[in-house]
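In the two complexes that follow, subunit A is the common piece, with subunit B as its partner first and subunit C second.
Presenting the complex of A and B:
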């Protein structure tokens, strides 16, 4: 599972008031090359919660993203887009789970 | 990709080995699945380059079809871990990317408008009343462009009314009527194989 999935999901279990972001339990992570598509990335940028992405990438051992949400002018920079691409689409939770931040309920993640 | 080719790929996928009746696990056959996704792509442009989610994905047939037709990002959600293992093997065999998560669809909420299209073959609600409408309710909340779903033809009026009046869909259209062949999977099935009429729906949220 890639971090785009993590970024768009929140826990909706009964009684949970703030289910976002889900915690990541990383048992095994891998990096898989995905075709670079700048248009897709620019489109996704406005929909992404930046802090959740930075934290999730870091928990998978990738700390190259700027801490503060970058200005949209950065979307012209190939260097930035490649880092964003890597964090969003290439980092891959191979084994582990997403965990509800309030109840601790696990949502297991399958390979592929 | 041609329809025949797509159907061929889907025909080679592994399906449930121990189907669970309480989840109404019936495989989506290659004939229906290929037509569903082919129509979504070729008549409406709802798959290529899009973010697609397969709800109740089972062994991943619809998600795989979406990936084969050029979806940029595919997710599969199912409550059953055994099915997800098969789905993951199916995706791996074809070198496709699927993001598979095990959960009850009602336990996750979806932020923002990231998902463009939801494709699903939901439980028909025969064993658990209302399960079909629970899936549709969720799908219409999550999708920003379209929902493709299969429902028994006998429920057509109910599905239309519920989608438009209760779930605020902008449109609800039956694209075609198909025969869903249900093989003799469970003990309570008396006949070897039966055909039931199902509608292929396209909803606009």
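Presenting the complex of A and C:
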């Protein structure tokens, strides 16, 4: 599962008031090269919850993203876009779980 | 614990969110959903949506160019097609790979409509049959007139081609159906109808022209009344396997050449359509691969194009038609390689409760 996907998911368990973001338990992660598409990244940027992405990337072992949500000028920086690209699209959670932040319920993730 | 698991595959960006949503709701029983976004980012998302979803076209200018190309292709070639093939502009449904004559093809095209209705489960019962139909991408109105006659229903058709809309209307008048069927030039991505107007939403081989599949499906759902049937019959590429992110380069190459000649935007798979429909909480979603039942069609079209009548008509019609004709062997190649699929996807909008 890419972090792009993780960024879109929220726990829908009954009674939970804030199910986002799901915490990551990383047993097996991998990096798969993906063609760099800056236009796609720029379009996706506004839809991404930045803090969730930074935290998720860190739990996958990637700490290169800036803590602070970048402003739009950063979207012109190739260097930033490459880091964003790597975290969003190339890091994959192969085995592990997503965890509801309120209830702790585990949703296992494995290779299909 | 351990009884639920999430797919890690995301085959294509077209509808990827919906793919995830559908698999997670299937597998985990609605325990995971798409997060709510705050209002400002939804607004931005709608503005930028074209750029993300229309993979092959550049946002804005690209879509307009595509629409114009589609309109012109059909303005140019409709007359010729009708001349040789009649008023149905879709594949025929065949039993096996037999060489058929043109009249066999015309009845195969009728059979396609009937098999489609049967697959979807549309009833002929006087109480349950459809009374208000929309034909999305109606061509010269073959389906509209057929369905109106079959059910005694009212049918409205939309097409991007002014020539087709006009021809469709003339044929309707000539056949005494002017009070039952009407046609207009309109964009399927922005249907000129209020919500919930139709109890049968029919898209017969028009989906492949839609640059924004998400919007296309949203509109089909929007104009459907509670309890309505939504029927999509369209060309797709094969479903991707879980380990694949996209089609192979040679496959993409072949599709790009076809896109070019037929004014098609990027292709999607039938799984993508299923995911989009699931995201609208539609019921009774059925999908099938009918590629084997349409196999004789393209070779027959090619043969018809190579007749004297075919060649002269093509020359009279214009360059777009000729280009389209030259691309036909590519369609045959696509089918043979199991890359191109002829898919039917049907579902129902839930009835209102209480």
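Keep this in mind: the second predicted complex is superposed on the first by the 111 of 112 C-alpha atoms of A that agree within 3 Å, B and C clash if a C-alpha of one lies under 4 Å from a C-alpha of the other, contacts with A are read in each partner's own complex, and residues count from 1 in each chain.
We adopt the following convention: a contact is a pair of C-beta atoms (placed from the backbone, for glycine too) under 8 Å apart; a residue touches a chain by one contact, two chains touch by 3 or more.
Everything numeric in this text was worked out from a predicted model, so none of it was measured.
When both complexes are overlaid on subunit A, subunit B and subunit C end up clashing with each other. When the two structures are aligned on the shared chain, A:94 is found in touch with subunit C, with no touch to subunit B. Touch criterion not met for A:50: it reaches neither subunit B nor subunit C. Of the two partner chains, both subunit B and subunit C are touched by A:1. Using the contact criterion defined above for the overlaid structures, shared-chain residue A:36 touches neither subunit B nor subunit C, since it reaches no partner. Of the two partner chains, subunit B and subunit C are each touched by A:108. Taking chain A as the common frame, subunit C overlaps subunit B at a single listed stretch, which among 223-231, 295-303 or 313-321 is 223-231.
Within subunit A, the residues touched by subunit B in the first complex and by subunit C in the second are 1-2, 5, 8-13, 19-20, 34, 40, 44, 47, 49, 98, 105, 107-112. Residues 49, 51, 72-73, 75, 81, 84-85, 87-89, 91-92, 96-103, 106-115 of subunit B are the ones that touch subunit A when the two sit in their complex. Against subunit B, in their complex, subunit A makes its touches with residues 1-2, 4-5, 7-13, 19-20, 32, 34, 37, 40, 44, 47, 49, 89, 98, 105, 107-112.
Against subunit C, the residues of subunit A that register as touching in their complex are 1-2, 5, 8-13, 19-22, 34, 39-40, 43-44, 46-47, 49, 92-94, 98, 105-112. Per the touch definition, subunit C reaches subunit A in the complex via residues 1-2, 4-10, 13, 16-17, 20, 24, 28, 30-37, 41, 44-45, 48, 51-52, 242, 245.
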